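One structure, as structure tokens, below. Some questions next.
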Amino acid sequence: MSLVEVDEIELRFGGLVAVGDVSFQIEEKNVVGLIGPNGAGKTSMFNMITGFYKPTKGKIIFSGTNIVGKKPSKITQLGMARTFQNIRLFPSLTVRENVMSGMHSKTSQGIWGAVLRTAKQQKEEKEILEIANDCLSFVGIKKYAGRLAKNLPYGIQRRVEIARALATKPKLLLLDEPAAGLNLSERKELIDLILRIKEHFQLTVLLIEHDVGLVSEVADKIVVLDYGRKIAEGLPNEVLANPRVIEAYIGKDDD
Amino acid sequence: MKAHSKIASILLVLSFLFLTACGSGNGNEIVIGVISPTTGQSAKMGQDMNNAIQMAVDEINGKGGVNNKKIRLVFADDACDPQASTTAANKLVSENVSAVIGGYCSSAVLPASGVFNSAGIPMVVTAANSEKIPENNYKNIFLLNSTASAQAQTATNYMISNLKGKKIAILNDNTAYSVDLAERTRDAIQKAGGQVVLYESVDPNASDFNSVLTKVKSKTPDATYWTGYYAAGGLLIKQFKQQGVSGSFGVADGSVDQTLIKIAGENNAEGVFATMSPLPQFIPGAKNWSKDYETKFKQAPGPYSALSYDGMRLIIHALEQAKSDDPNAITGAIAKTKGFATFAGPVEFKANGTLTKSNFIMIGVKNGQFEMVK
Amino acid sequence: MNTPFLKNKSFLYILLFIVMIAIPLITNRYWTDVASTAMFYILLALGLNIIVGYAGLLDLGYSAFFAVGSYTTGILTTQFGVSFWISIFLGAIFATVLGVLIGIPTLRLRSDYLAIVTLGFGEIIRLIANNSKFTGGASGIYGIPKPKIGSFVFQSNVLLYYLMFIFVLLAIFVIWRLGNSRVGRAWKYIREDEDAAEAMGVNGLYYKLLAYGLGAMFGGLAGSLFAVKMSAIAPESFGFMQSAMILLAVVLGGIGRISGVILGAVLVILLPEAMRSFSDWRIFLFGVLLVLTMIFRPNGLWPSKKETEEMDDPEPLKGGSKSVVS
Amino acid sequence: MDIFLQQVINALVVGTFYGLIALGYSMVYGIIRLLNFAHGDLFMLGAFAGFSVLSLFTGQVGFIGIGLALIVSVLVVGLIGLGVERIAYRPLIKKKSPKLNLLITAVGVSLAIEYAVMLSYGPSFRVYPIQLPNTGFHIGDVKITYIQLGIILFTILIMIFLQLFIHKSIYGKAMRSIAIDDTATSLMGIPVHRFIGLTFFMGSGLAAVAGVMDGIYYGQINFLMGFLFGLKAFTAAVIGGIGSVNGAMLGGLVLGIVETLGTVYVGGEWKDVFAFGILILFLVLKPTGLLGEAVNERV
């Protein structure tokens, strides 16, 4: 059964077609890799699924609902969580506060609860804190919980972002180039982490990556975009052997 | 560490401030409060008033003071702002002043007069003259300047009788003083059988009044009367002449300042008429006083210097009459003033604290100077 | 090392509280008046802090809400004989409604546009107050009665000071609790990065509106108190300068933090009183202070919170290259 | 009808001033996305710089005096504009401070400039030491003075020069590429900060020109004159489409006409309500203005 169905999606900026007529599915509890050379439309695709861009045509069905035109916050509430290509943390808040944001969509207290400190509110606050701590422990950065996000090294910031996404208790986790800027050992740890997440939370993961090697190590399925079109889809080793894919990558390098 | 040392230092500053705040006059002097704008846009007016008040006090102290006591002045800046004005008023009350003099902007005098009223301290207002001040019916607030209705009447008489005007345009600058005067002038003109062909407010911070003046021009008025201040007034006169609007142009006391003529340009300002409370230079008996003032302060007296000087003399007179510096006694003595001589003629007050007789005069611009109109 | 420090701090807060209570008793009318002005500035600054400090929205027309509160109380108590307590309640509601009405179309705008729109809006409110009959026009409203409970009238400055003090304590309590809740965190997420907040499920527009409405409400409350303290109100008190001074109070002490905002408000009121002879320099210095604060201490004068290291999971992590989150 | 035409002439002159100030607003915003709140105060500084120059002359001031006042004012205010960018804005831009901090800084700069002028020239109105004649010519019943004509023609000249400069020189290209991506532009070897500085200098200089012309035309200046004018100019920039040179001029004229018509048909006291009302309407309904291009915000 598929969790996400992308159906003939198109995105135009003025006259420029960034993504054209792309369809694919993400099966539940799979890790799907979305790859392609620079400018292939990966991030645009990603931003459409998460609601940051509105596609000019097509449908995106997420667990039975068409999410085209919905606000990102609404889509997150439906069970989708994302990270950003160029890390978007809340810089002057602590790591713990950063991760607590994930629980926002799963809780409901408003002004009255906050001012009167009702029993229900206190219970929620406790829960938020617990989950945040759990997520921090899971990605292995509990130690940094009291530090400000902006003062941490890049590798740690990446993990904070993943912990924050996990705290939304998503059905689908979208990672936007999580390996960008990481060194070799950090990259290895990241692969471990993605596999652990999949196993532990029984999650579906959509992974955008430039690093084809990394994707082939973790993905169950790969979708390849080039110039905004889908040029291949299938098992990692099949796709990577596909001549069109090789041409897209090598042809690009020759430019 | 840092946080609590910070709080400690705040406490230190606070306690220091309170210490400096204490300390008041001793029994050998009479403390009089002066409230006027010495900062902000009207700072010059306030300084002119303060100088004249100081001059009156220096004179009496030179003669040994009043009731065998010297007078000491305490100055407070109201910055022509209602909020700063209440603080200033409370400051004077804290200094145990016997009486208060000053008050330039009506909007600042209004809240301050409430503070003085509740403290039972008499106040002689020497410039502000909005009708709203007496409407509060405070028994201890006295207005030495005639109020708007008196000025409106003077202006109306001049425009209808002297200029033989029928169609009058009235412009105001949308401040409390100006609107009040404009409304009263409109009513007075209609009562006198004149026709108000245009009644408009302009934004005093703008510099282009051509659109309003084109409107005025289309009504072909016999006279146009401006009730706002001199800065916008000068521009209005200039653009009035540029557009060639019919009839004469007149201004109220807020615009009587040499700068008005400079902004308008001498040629344009020629023949502009004005209603004004008596300036020393127009009063034969005040010529020497003006000279003394200039020697003392190295500048000519301002529009409200003479009134402020007279106001201080009035308070001194009341102190002599009451033979006491008790605020209530002073209030009583001022209220009972009969025929007290001032530059503008004898003064006495109605029950609401305004003058019994208007002191407004007509002046006009001739050869780049304001002169008495015969 | 934490405990004695904490004790010391709360001791100082209690001391501060006692001093605040004692001010009218140990000083004269003048300082009580200054302290009352400081109180109501604290209230205004706390309210604006919700908008600027928590939600990160620059509002340059905050005095509009303050005007709505003032005029509601002024008009209702003088012309309709309504009790102050009802008028302050209505004033707060009107201000909130106005805040929401203005917020719905404008809060979608980019932050810099919002600043100018709020500035223009503040001027519009001032001009309406200045040009309309029902607001008393340019001369405003005077003779506003003091509040009373039964036959007990808050006649003196001292009683009004305590009344304001109570409101300030209430505001601190409410805003502090809000700031440390799910709502308060949502505001801070929006301030830090609106897109990321949206990605975490925070409905940006809703929380911005909430901040705007609540900030407006406190502005309205402060306005009502201002009206009874002054007994006369005029449009001059609600211009851009007023908005700028409140903003300075929020920024100077420590934007986003209650203790900092209170310090800022007290400084903004106290400094000019302490340096009366420099008063022409006041606004110039305030302008320079704003610039210097932003360049050298963007988090204000109040000391920042210390970051803490926590013990946990043995698995050590090797950090990569250090970078700044953009 | 004649009255209406006369009002259109009135509107044109006011609109010219708004447009000139709006140009600088637009240029600075176009390049670094900073709303230079202090821009109106640079206009005021220009008026005061011109005042100081003209005060040096004794007797009748001719065209040489006016020319000198314009040149000195442009240089002085241009340099002050540069200085403001260097001292107040650049440290924050370099630190990548939040936009909120930049805006607050701009408010601070504005207050500091206004009150620095108040401290040095005093709070009251100053009279421009030059009086130009009221003479002009009539078209039907409509009167146009030579000064009005001069102001409009001079502004058209400036506009033509700006158009040529932006479209025919490297500056225009550099400016647009900085607006799109400053890091990439600097990687291409273009001295980004020098171009930003140049933009500030030109924007401030244009404001100074407007300031001197305002002083000569109206004859009276004050340290707070820039606040309202700055706001109006921003409104003009928004109406025309912020970032667009032609838009700024068009916006100025539209605003001038709206204000004048508001004065004629409703009343002078509501003029500013009209101006700010139209600002809010444009920002909400058509934030790109009449001639502006849509700006995509990067996610």
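Each chain carries a letter (A, B, C and D) given by its place in the written order, and its residues are counted from 1.
Throughout what follows, contacts are C-beta pairs under 8 Å (C-beta built on N, C-alpha and C of every residue); 3 or more make two chains touch, one makes a residue touch a chain.
Since we're looking at a predicted model, the values are computed, not measured.
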**Complete:** Chains in contact with chain A and also with chain D, listed by label, are C
**Prompt:** Looking at every pair of chains, which two share the most C-beta contact pairs?
**Reply:** A-C
**Fill in**
With centres defined as the mean of Cα atoms, the chain at greatest distance from chain A is chain B
**Fill in**
Cα centre of chain C to Cα centre of chain D, whole Å, reads 33
**Complete:** dist(centroid_CA(chain A), centroid_CA(chain B)) in Å evaluates to 71
**Request:** Determine the centre-to-centre distance between chain A and chain C, using the mean Cα coordinates as centres, and give it in whole Å.
**Result:** 39
**Prompt:** Just curious, how far off is chain D from chain B if you go by their C-alpha centres, in Å?
**Reply:** 37
**Request:** Please set out, as single numbers or ranges, the residues of chain B touching at least two other chains.
**Result:** 39, 43, 174, 201
**Prompt:** Residues of chain A that touch two or more other chains: which are they?
**Reply:** 52
**Message:** Show the residues in chain D shared as contacts by 2 or more other chains, in ascending order.
**Reply:** 269, 272, 299
**Contact footprint of chain B on chain D as seen in their complex** = 3, 6-7, 10-11, 13-14, 122-125, 127, 131, 134, 143, 145, 214, 218-220, 222, 224-225, 228, 259-260, 263-264, 267-269, 271-272
**Fill in**
Residue positions on chain B within touch of chain C in the complex are 1-4, 6-8, 10-11, 13-14, 17-18, 21-22, 39, 43, 77, 79, 81-83, 86-87, 90-91, 93-95, 106-107, 110-111, 114, 118-119, 130, 132, 135-136, 174-176, 178-180, 201
**Request:** Please name which positions on chain A make contact with chain C in the complex.
**Result:** 50, 52, 71-74, 76-77, 81-82, 84, 86-94, 97, 100-102, 104-105, 107, 109-111, 113-115, 117, 121, 124-125, 128, 136-137, 140-157, 159, 164, 168, 181-183, 185-186, 189
**Prompt:** Which of the residues in chain C end up touching chain D in this complex?
**Reply:** 52, 56, 58, 60, 105-106, 109-113, 115-117, 119-121, 123-124, 127-128, 130-131, 191, 195, 240, 244, 247, 251, 280-281, 283-284, 286-291, 293-295, 298, 324, 326
**Message:** Going by the contact rule set out above, which residues of chain B touch chain D in the complex?
**Reply:** 39-44, 174, 200-203, 205-212, 214-215, 217-218, 230-231, 234-235, 238, 241-244, 259, 262-263, 265, 268
